[in-house]
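Structures are listed in the sections that come next.
In the two complexes below, subunit A is the common chain; its partner is subunit B in one and subunit C in the other.
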Partner chain A sequence: MPSSAAWARPEELVESLSSLDNTARLKALRDVKNQIIGNKTKKLSYIKLGAVPRVVEILASDTEVPLLVQSAAAVGSFACGIEAGVKAVLDSGVLPHLLKMLSNGDQKVVEACARSLKMIFQSTLAPKSDMFQSHRMELIIELLNSENESVAEVAASVLARCCETVDHQRALADAGGLQSLLRLLKGSVKTREAALDALGALTKGNKQLCAALSSMDQGRSLATIMKLVKDKSPRTRLLACTCLANVGKASPSSFQKEWEIRTSMLSVLVKLFDEPGSVGEEAPGVLADLVASNEELQEVALDMNTIEKLGEFLRKHELPSKQLAGVLMALAELCSRFQESRRQLLEMQVQAPIIAALEHESTSVRAAACSCIRSLSRSVKNLRTTLKDERLVEPLLKLLNDSSADIQELALSAVSNILLEFTPHKAVVFRCGGVSQLIQLSQSMDPTLRLKAVWALKNLIYMSDKTLKETVMGELTCNSLVDLIFDSEEKVREQAMALVRNLVYGDEDSVQLSLVQDAVLLHAVEKQLHESTQSEICIQGLYALSNVAAGSEVHKEAVMNIIIPGTSMGVNRNTSLLMKYLQDMTNPQLRVGALWCVINLTFPSSLGVSSRISRLRNGGVEAQLQIMAEDPCLDVKDRAKTALEQFSTVEIPPR
Partner chain B sequence: MSSSKKVITREEWEKKLADVKIRKEDMNKLVMNFLVTEGYVEAAEKFQMESGTQPDIDLGTITDRMAVRKAVQCGNVEDAIEKVNDLNPEILDTNPQLFFHLQQQRLIELIRSGNVEEALQFAQEELAPRGEENHAFLEELERTVALLAFEDTASCPVGELLDVSQRQKTASELNAAILTSQSHEKDPKLPSLLKMLIWAQNQLDEKASYPRINDLVNATLEDPVT
Partner chain C sequence: MTTISKFKSFPVRINWDFRDLEAEKEDRTEGKEKGSGRVWRLKGLPHSAQSRFALEFSPCWQKQVEEDRKTSRSLITTPQCRGNPSKSSSGLFRTVAMPGQVLPPPCTFLNVGQAFTGTQNVSSGQKDEAWKVNVRLQGCDIQQGYLCGSMEALNVPSAETPVVTFWEGEIVDNKNYTFFTGQWDATRDTDVKHWDRFPSFGPLKEEVKKDGGRSLDLANYPFMFMRWKEKFFVNVGTDCGLTIAGFYYVCFSRSDGSVNGFYYDPNSSPFQKLELIATNEGRSGYSFATYKFQ
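Our next item is the complex of A and B:
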């Protein structure tokens, strides 16, 4: 065969990698290296032939410079571009050898090993926390300060990949990493980019380190990064924006001319969308970070046609996961507040790809799609029109059982939104067993999941019919709901009270639910109103009672017994639950809630109204209402007047 | 139209030009940047000695780069690949398009030498898998293999692949990739400055009549049109 003249058969070549003759070994090594570089097929076939352990063995035990350089280069190539290669070199235990070789006296060896390390650490398979063990950390910082720029560059890019948790960030900063990285910004383009990348990882979601970076060298360090936003290299621009977006997110107004810089970052990022390769893929995600919870900036983004540009991406097929997640996250942020943004996006008819992304294999894509649906579903108008596609329900419900708690949480929020009011999705959720899922999640150990599940259930039963309410309660049970009313988390208690409020709102059948099982729910609400000091919880409780008070005579009587119980001595003035809340001056909403109870209890045409009014009068309520008719809060004032009018229809009996 | 334009006389223009101070060092740097980027290593060395201008890259790397470039220009693609892999294995490992073009050039050289059997085998073993990964590569591969179908390549519609310019194209692409890997810009600054000059003159033409430079080689000022 003619081509075999150039290279020996692969099996023989692999054999020669362990030859005892140095020259033969070197030749085999070079041949393998030159065959695999750029060629995935060859990489895989040499991995199968067991070449990797032999190559690593040379790195581990040889001392001659050419052999070391060639074996390091071959290791790097095996690890470049295919995960199987990364796995193979890591399995061969190459990491300690490569790290050790970075202190080799020969610069060629050092550079070759540095490059290989960089390749390995571009993969998600590379170890992360391992690199933060004290001795390795010291080594990396030492390398970061190396005279050899390519070594410093590799150290920075390794840090960029490994620094993932707050502990990592702290360890790195404590070891002086911030200063070392800032020094590298003066280096060549590649070094600068590696340093920026690491600075981005170091500052992500870390207020302390963002503040440290802002104040470093009287703000000059941050100013250097700001200049890089307009650098010639697209990657530098992107990474500079990443760092500054982190700083801006952690501490708004932390730098001068903040507004100008942010808007220029916005336009830089939008232009970067069109860059080929990883820069264009990552730019949307950085934009998402930049505009997160910044309404003014979101408005500027709207003017730049950002929605349209992002929407176009969704129309393309097969976006890389990272890009897809970034695009969806950016859209989620931009659509979180502005109906105009939502309208623009939905008019592009990209609902189907967003819904499809809910079932994507990548966790971050699923999370981003969920956020996007959550933002879009904040508008009931959308849910009834452009977002009425019922196909979104099933994948969302599936995500309620996702392995990631973050996704469960996002899905719960989205489900909560689509269950609000009379959306067409409500019936689908019901049909697909979504109710059971929500009830299960309301028993979760995770407080956030519990909270959001109760929230969703609360939305679900709002204004629903008897059958739905009974089904929900049949499965949830009154006892579980009582447990939730006394949950360890304040927010859960509040939502559980709100759930009761919605449950007993409506026709008489609904109100009757308050009295089932010896009025266990009503008693729980009563207990909270006596004990809780949290006004949000009590407000929900008072409205629950006022909803019950809108029911039949039996219901009204039950509420009377709670809020103004009669004793053998008549009514105890000023100590009743009702008077407590009518006189509460901490939160006007509490007074409004209490007034609604009074209004519903004294509704003119009802049967026992006169006896209730006289009981309330005896309890000092009318006198209190007269005071409240001058309340500083307009809402309170109006309701008090309404109640007084109703009192006036029943004459005061002569003494 | 021209009557409404402002006229700037040659004297005024030259006075303005004289007011702009350009440092000699900056001019020298521009020249050095050109020599280095284009790979004129000997000229760069001389220029460094004579003007004291520091090159923005290690001159030793230029020699390596030129050796790689020359290998492609001579049709010795395999040699070029080995050399560039010694220089930095990352270049071809992270640049599939360049890698494909080099392999394509190898195929072209095999066809040129009339080695049909080996050319076919090479196309099948080395290039076909790349074509499977990328549709654009597949089309280029088919175009290249078409060379084999013609006895007389002069009449072949893809005959230009055998042209020297194809080698030049591949060599330039490789040269640019090596420069990028060395954190160096792949194009010299001088041509883009000239482009900016032309652009600026075109912009100015709409507003004023002034001594224009039409002859870029000698940079002579023309008299303003009035």
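Our next item is the complex of A and C:
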């Protein structure tokens, strides 16, 4: 009798799933499964009728092979292509049963269960960490090594989906996953792709495993993957590129003929942009990984019209999130260094979609959009012309409070670039309360956020007028700034010193800010100059002092007392801060900074110049300058000569 | 920037006169090959206008000039896509073409925020005219041989307010850029002729004429040579009566931060001199601000 005509009503079928008669159960299972395959409406209606728990029950308690195979297959169908189905099977607690069945003695059962697992793990709803509990991991590795190739393939696909953290990667590698996966590269196209996919997940952002992969089998394993970059199957090409991009990113010169391989990967990926489906969607993201911090490759990409191709995607509406994030990330990388790339992209008039992406619901899209703005804003010219759209300010400021710290960091970097003196955005940042946000973030417990926030404040203060400086300092407070000058992180200390430098840059009113609250800032700078061994920190400190020394007599005297303090015995030649830095041979910039202090302190026609010159002379400075007039560094040499000229205007008094 | 010649969109047919101009002869004889580089002038125009039009032709672009004259277009040809003649743009090893070259060490007067002040002499013929000019550096990337900033021209007769432009500069470091401009309508001949106006170019001249001076050690030279090219007007429209079609050949002194420049634009009066000094903006000392992109 023809089966289609014989199907019972759905309600009856669902009833039969719990029949006590094995044959009836089997038939009902088969009928349900056949009805729902590829039919979302049917799936939903059977889910409503409560079929899923009954199917799972069979898997949990039956022992007969056909029943197990059919129930596993039905679970897979429910979970295929419909999130409600995945949720229903997971809610019925199917996972432990499927996993348990993977060790069933019958290959058909194992295969059917593995296939269902694969369906489930294609969804983001699947609980990934569950797979890494010890015995389950062993089981998966065992399946990877299964003689049944489709079982091995399924195991690899499951791994590709759930290997997400460093812990996962390590667990998998410790269990011998790398070797097993490499072995699968010799299998059918599907198996190979599943294995490559898993290898990609295993090596993503993991230096150790990338190194392990490249050295495995004297580099032959990696060579196999390289060959696959030119495979017939687009998906294989994409996945091979993914693996190699990971390896390349982790260790820049890890394989032979690196340059040729990378450039050919680049052109393969650009061509893959046009592939339909997931390959085309994922290719831009892989390209982003490939060109990350590789300027030479970025330049080649530029020649391949990559910017234009990627920019075209932004003009289309409704890109899938993954693709949009990949496109934006690739553009962010390509525009990170080259102005020509930035110019090409901005000329395509895609500012609006990039700004819109800042408010996208997907975290990775928001992060990628931030990165993109950050790259594009690394140019004075762009900020004044093609990127002057003020609409980007508000969404960026909103992202400063994003729940993801990664996004906060990226947004901070972008904000830091757009609030410079010459940008139209600066006023908007101010109006929207961005300054308060930055000040709050400068007090964050997260050192990276703190660093970037102080950096942004430094940029904000750059060339600002006194009103703005006072507003910022009123909210930040001198005491907090002093805390930042003594932060536990060196890089934060450096930025805080540079902030002081910008604060006291300019006319006497600005310089005067160094003396407020008993000159607390000046003393903090002084202390750092005494204690720090980091030249980057000290350079900023010396320029801060030099800026103060460009002020009034009072300011100049304050600097004198710091860098060449007098004692009752006169000036101590060997211990003055000034001599320490004039004689420092580790970094010429330290000497230059110290020389500017001298030049400003001996600036002609200032009132107390004669007295200062004699004090400096007594401190051995003039003699040191004479040595420095022959310094190997041009800048030092020129500044020393200028300083000497200024000394020469005041005669040495007769003894 | 400079004034737009009021004869710029002069009607189509022009009669060219071959007489040499005494007044400009000394500017224009050096390095001239026989039969080229003659000074041309327009027949029947007053002397002051003549000098503006005094054009020096290299035979190779004479035709182009005439074409442009007919259509009243600017003489500027589209600059090369990435006007950077020294970089190789293909091949496996995409390092720069002159690997042995060392970049110039930093100079504090090329710090972002640094201000320069002085004049640009825009005299033409009998008219003696000079503008006050202020420049401020807004970006500097020695690695890329790049700098940029704003330029403000004050007391411009034709403008009601000071005119501000934004410019970008190329540092001749033999790594990113060479003495040969390779764009903006400047031939090698034009280049040498303008560079040669700077006394500090003297010792380099022969080498530059030979091979562009690629093997010169510019990193330790007390002067830095640059080209400053204005990109757009900041506070006025393009109808402000000024043109930024040309660019400046610049010689920067590392020791005192002074800047000398010559404006080059085939349509404007030649060798307009820019003279600037690094200024402390009236403070009793030099101060230095800092910013950095993230």
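Throughout what follows, the second predicted complex is superposed on the first by the 635 of 655 C-alpha atoms of A that agree within 3 Å, B and C clash if a C-alpha of one lies under 4 Å from a C-alpha of the other, contacts with A are read in each partner's own complex, and residues count from 1 in each chain.
Keep this in mind: a contact is a pair of C-beta atoms (placed from the backbone, for glycine too) under 8 Å apart; a residue touches a chain by one contact, two chains touch by 3 or more.
Predicted model only: the values in this text are computed from it and were never measured.
In the superposition on chain A, contact is made by A:Gly38 with subunit B only, not with subunit C.
With both complexes superposed, C is the one of subunit B and subunit C in contact with more subunit A residues. Contacts of A:Ser413 after superposition: subunit C is touched, whereas subunit B is not reached. In the superposed pair of complexes, A:Glu347 makes contact with neither subunit B nor subunit C. In the superposition on chain A, contact is made by A:Ala550 with subunit C only, not with subunit B.
Interface of subunit C with subunit A (complex): residues 81-82, 89-90, 92-94, 105-108, 112-113, 138-139, 146, 148, 150, 166, 168, 220, 222, 231-232, 234, 254-256, 280, 283-294. Chain contact summary for the complex, subunit B toward subunit A: residues 78, 81-82, 85, 88-90, 92-96, 99, 115, 117-118, 121-122, 125-126, 129, 133, 183.
For subunit A in complex with subunit B, the residues that touch the partner chain are 1-3, 6, 30, 33-34, 37-41, 73, 76-77, 80-81, 115, 119, 188-191. Residue ranges on subunit A touching subunit C, taken from their complex, read 259-260, 296, 299-300, 303, 339-340, 374, 377-381, 384-385, 412-414, 416-417, 420-422, 452, 455-456, 458-459, 462-463, 498, 501-502, 504-508, 540, 543, 546-547, 549-552, 556, 588-589, 592, 596, 599-601, 603, 605-606, 633-635, 638-639, 641-642.
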